[in-house]
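So that you can tell them apart, the chains are marked A, B, C, D, E, F, G and H in the order they are listed, and the count of residues begins at 1 in each.
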Amino acid sequence: MSESTVAIVMGSDSDWPIMEEAANVLDGFGISYSVQVISAHRMPLETIDFAQNAHTDGVRVIIAGAGGAAALPGVIAALTPLPVIGVPIALKVLDGMDSLLSIVQMPSGIPVATVGVGAAKNAGLLAARMLGISSPEISAKIIANMAQIHDEAKAKGENLKARRRQKTGF
Amino acid sequence: MSESTVAIVMGSDSDWPIMEEAANVLDGFGISYSVQVISAHRMPLETIDFAQNAHTDGVRVIIAGAGGAAALPGVIAALTPLPVIGVPIALKVLDGMDSLLSIVQMPSGIPVATVGVGAAKNAGLLAARMLGISSPEISAKIIANMAQIHDEAKAKGENLKARRRQKTGF
Amino acid sequence: MSESTVAIVMGSDSDWPIMEEAANVLDGFGISYSVQVISAHRMPLETIDFAQNAHTDGVRVIIAGAGGAAALPGVIAALTPLPVIGVPIALKVLDGMDSLLSIVQMPSGIPVATVGVGAAKNAGLLAARMLGISSPEISAKIIANMAQIHDEAKAKGENLKARRRQKTGF
Amino acid sequence: MSESTVAIVMGSDSDWPIMEEAANVLDGFGISYSVQVISAHRMPLETIDFAQNAHTDGVRVIIAGAGGAAALPGVIAALTPLPVIGVPIALKVLDGMDSLLSIVQMPSGIPVATVGVGAAKNAGLLAARMLGISSPEISAKIIANMAQIHDEAKAKGENLKARRRQKTGF
Amino acid sequence: MSESTVAIVMGSDSDWPIMEEAANVLDGFGISYSVQVISAHRMPLETIDFAQNAHTDGVRVIIAGAGGAAALPGVIAALTPLPVIGVPIALKVLDGMDSLLSIVQMPSGIPVATVGVGAAKNAGLLAARMLGISSPEISAKIIANMAQIHDEAKAKGENLKARRRQKTGF
Amino acid sequence: MSESTVAIVMGSDSDWPIMEEAANVLDGFGISYSVQVISAHRMPLETIDFAQNAHTDGVRVIIAGAGGAAALPGVIAALTPLPVIGVPIALKVLDGMDSLLSIVQMPSGIPVATVGVGAAKNAGLLAARMLGISSPEISAKIIANMAQIHDEAKAKGENLKARRRQKTGF
Amino acid sequence: MSESTVAIVMGSDSDWPIMEEAANVLDGFGISYSVQVISAHRMPLETIDFAQNAHTDGVRVIIAGAGGAAALPGVIAALTPLPVIGVPIALKVLDGMDSLLSIVQMPSGIPVATVGVGAAKNAGLLAARMLGISSPEISAKIIANMAQIHDEAKAKGENLKARRRQKTGF
Amino acid sequence: MSESTVAIVMGSDSDWPIMEEAANVLDGFGISYSVQVISAHRMPLETIDFAQNAHTDGVRVIIAGAGGAAALPGVIAALTPLPVIGVPIALKVLDGMDSLLSIVQMPSGIPVATVGVGAAKNAGLLAARMLGISSPEISAKIIANMAQIHDEAKAKGENLKARRRQKTGF
């Protein structure tokens, strides 16, 4: 894992379809990352081991996804000086409200950078922004990415207008 | 700690005025206990150390109080085979809903016995019930305590009736 | 029912597909149990009869599942000195929030050990932990079960890594 | 209690300051009532006894106030053919949402007529409306009471206008 | 409508599949009823007309179902001395929480007897209980219905036991 | 009332301290208004009368404040072609969530322009914006008011900076 | 865009199926409108540009739909003196509660006229009511539309009655 | 502002008592920062100006606090490639739930690193962690700070133990 700038961890392999979006973002930015299933509840010692060593293993940002009583991001944040991004993942009930509150309402002293429910893509982008603080190259890519997001949204809007024009004549 | 049957732990010393009610209950039942501040976020290694050793140190039940992103009960439950009772403690906002969901919505495999928001007294009583499974003496005390709760409630009710009678003549 | 260490009760036979997971856990631990449909609202007298006699019938832990205005676990807890585990079952609306609050927010004096919404498997595991207090055999099985949960989670994680390696070459 | 048309019951004597408003309404309507503290959790057998006998004791409507995991109205409704009015009483946290859901979300077959959080006055009025079904006298009093509520609200409105006119000259 | 003891009204014809359950209950009790679509928002004058005249038209209880900003039960209650039962109907979003609060949180003076989200069957049963206050015949039917509910629940429970016995040999 | 451009109505005179802010805004804009207590539940016929006649009485916008099961704005909207602005007023419990949902979740066909909980000032400003559609004078005042809001916020910010500079030397 | 009386804007083209209902309403009223995708987050400068110029471009009312952290309506309202109608659009989770609160809870000084979750049709009708303030023609159409809504609801009610009569003979 | 590594902005000067905690943290870490009141709703153009230029002005991390319909963090994030930390500030009602959802539920593409309700101290610490990615000095201070947090929590725990020992003799 020593070559990974970002570590993507999640409480269960079933979280991967959501967390994969963070990986895709990092791929797009050319940022190296590792992917790992660790769980504060099912694999507590691996979690501690990971959290204690990530910093010296070369990791710079940690993205942690978890659902329900989602302790993973907070427990990792308690054992690393690195910024930890928490991704609340919705269970079958409660729409992720439990996951969100379990991640965001951290006690004073140990912050977790929380993104929206299921927002793994934004977690990847947030990691890039953090890395962009000291990397003009990544920062430039963020600016480019924002332009692309802008252009795609605009194009979709134009497309909607065009379709309506075709239909209504205006 | 080896002489304590129950371990009462909490995320912050400011939780003590609430958690003390659990201690009072155990005092009433003559059940030995220890009191300790450990925090999954501020003292993670002590938490792990505590959780891993409680079982062999003679502890039989753990009561853990925590607020907000309340990871403590769950993280302990992940490292001990003992039953863990979680007490959600309300922060200044959200009325303990964050604490409750963070404690009760545990992943499959790692249970936490959750009581109501701020219900440390019930946590003490639940610990007694668990210990009563194998202790006829404690079981008898629970039955006596339930009778006492019943009698006190009844007496208060009678008292209310008496006050009303005095006031209304009926 | 006298030979059952755990009594699994539920408000409706439609709860069985969820509550069955508690039974499966107990089967795995070799803990005897009974299964019964009783309802605080539709079968109140049977509920009272059950709750009053469980203790002397040899039951050691009660698991009670209910949904909506879920009075069953609390009413049973009011009539037995045994520990009662409440399983909130979600109705079609409100995602089990009504069931959770109806079970967990017990008045001072009568505790219910509440698990997550639909978390019958955890209820079974919690019962085992309670019984493990006085049974080294069960306690050992819990430790083994936790190891198994750990290993399965780890294996799934490794498997995810392997699939990704196959796909990405890393 | 045999002379009481309405039975006002509550889970704790501390509920009285709220529940008293129901009594005041009934006083105003000249409807006889009894007041009793019974608790589904602290006094379950008295609750059952009360619920089973209210009907034959001459009670016609039951008003039950309770807070938190508020099982009282529902458990009574399960044992009486009488209409039961539930008054959700707010605890220190959660603003009565737990009490409301515990009372209103009854299973199919056993209804509780739920009023707003802390709305004991409306519970008294609802009892009067139920009794008014077969009592032209009470029905006439309800109509008069509605007129009075109307007039008071109107007078307060006029008063507000007057105060503003004095202040603004319009 | 003069021959109807109960008036079932609803805000939209799309509420009928839910509200029909109230009608079915009344059919079972042999209680006459009318069915009407009136809306506080789309048919306000008909609503007022209905509410003002129901009492003298022979109606004894009103059941009103509505969803979202569900003003119907409250507006009717404001114009009739009869007891009004409100049935909160869930919209596509918010699980009926908006409907429930719009119906149950009535101002002091004007009560609505609220049942659970979508609980039209319980609304029918509550109407029967109200009518049973002055009708021994209906009261007897309620008792019989409660016995039937009890027996069906018990039978389903026995059936579940039988199926399990067949499968497990116990 | 015929000279009033805006009608400010509220369910209770106790709402006035909040609703007064709407009046103050209109005073500032030189927009005439009337103030009236009417209640969908306590004064239904006055409400209907008001709603049906406001349009022809010269009213152009209606501001309606109400709390709890807040039917007033919606019922008025059902009887007038005028735009109705709803102000949810918080009761002692539930923080205005009941009031908000009761006002905003209107059925299709009858809109209410809802502002934030207790946001009577914004209701006044919204009324001004609506009237500004056809009044260049009011529109100019809105622009001026927005500039003033901007300047005040900026000044407060500068003031904060100044206080900090004094304290820290920077 | 200068010929459009109403501007319908939305945060994403995927909001169109919902927002289209506002357009349909305006078509029905013969009110001209433009449709545009702009996003406070993905197209902030276009949003500002739009908001600053709408007023002088002849727009009279703005309808803005957005979901999640729905900043669009508020940001536009901050830059225009025109009335802005906000339509909260539900994301996959949280049922639009996030969207609703993000739109309705505006700070003092900048109002947004919020309609229900997904209630684009009501947004269109609210725009018409606002325009009707100064247009007797539109006002007349609103009255006609309300009559039509009334008649359709009534007809559906009659139809329900007829279907039931056919089935039951009453 | 060019010498500030972190920019602390907030929607209102009344947010300062909360946001000051972020400043205190940065003081403790020796990280330079600016403090500014800007509001997406009351000072939109300054907000845009700030957001567009922060990056080139030398700012590396932005901390933005806002309450209610809290658009500020998101709007800034839309115009800067820098990481933006959002601090939800509770209004008088709703306990900050509106603020939290308005900040955390950002659309895909534009992330905001959200901390708990009122958790400005954690926002400061999160900023430090982000800056620590490329600053071994700051990183070392974070580690030291975590040790200090740990030691203080531990000391408070020891102190609690000592006080109890004094009182109970154990």
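Just so it is clear, contacts are C-beta pairs under 8 Å (C-beta built on N, C-alpha and C of every residue); 3 or more make two chains touch, one makes a residue touch a chain.
Computed from a prediction, not measured in an experiment: that's the story for all the values here.
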item	value
Each chain counted as touching chain B and chain D at once	C
Minimal step count in the chain contact network, chain F to chain H	1
Reaching chain H from chain C through chains that touch each other, fewest steps	2
Between D-E and C-E, the pair joined by more C-beta contacts	D-E
Inter-chain centre distance, chain C versus chain F - centres from mean C-alpha coordinates, in Å	51
Computed distance of Cα centres, chain C from chain B, in Å	19
Centre distance in Å when chain D and chain F are each reduced to the mean of their C-alpha atoms	34
Centre-to-centre distance between chain H and chain G (centres being mean Cα positions), rounded to whole Å	36
Contacts with two or more other chains, residues of chain G listed in rising order	12, 39, 42, 68-69, 78, 94-95, 97, 104-106, 109-110, 112, 116-117, 149
Those chain pairs that satisfy the touch definition	A-B, A-C, A-G, A-H, B-C, B-D, B-H, C-D, C-E, D-E, D-F, E-F, E-G, F-G, F-H, G-H
Chain F contact footprint on chain H (complex, rising order)	12-13, 16, 35-39, 42-43, 46, 68-69, 92-95
Chain A to chain B touching residues, read off their complex	11-12, 39-42, 44-45, 48, 67-71, 74-75, 77-79, 91, 94, 97-98, 101-107, 109-110, 112
Interfacial residue positions of chain G with respect to chain F in the complex	55, 60-61, 78, 81-85, 100, 104-106, 108-117, 119, 121-123, 125-126, 129-134, 139, 142-143, 145-146, 149
Of chain A, residues touching chain G in the complex	90, 95-97, 116-118, 149-150, 153-154, 156-157, 159-161, 164
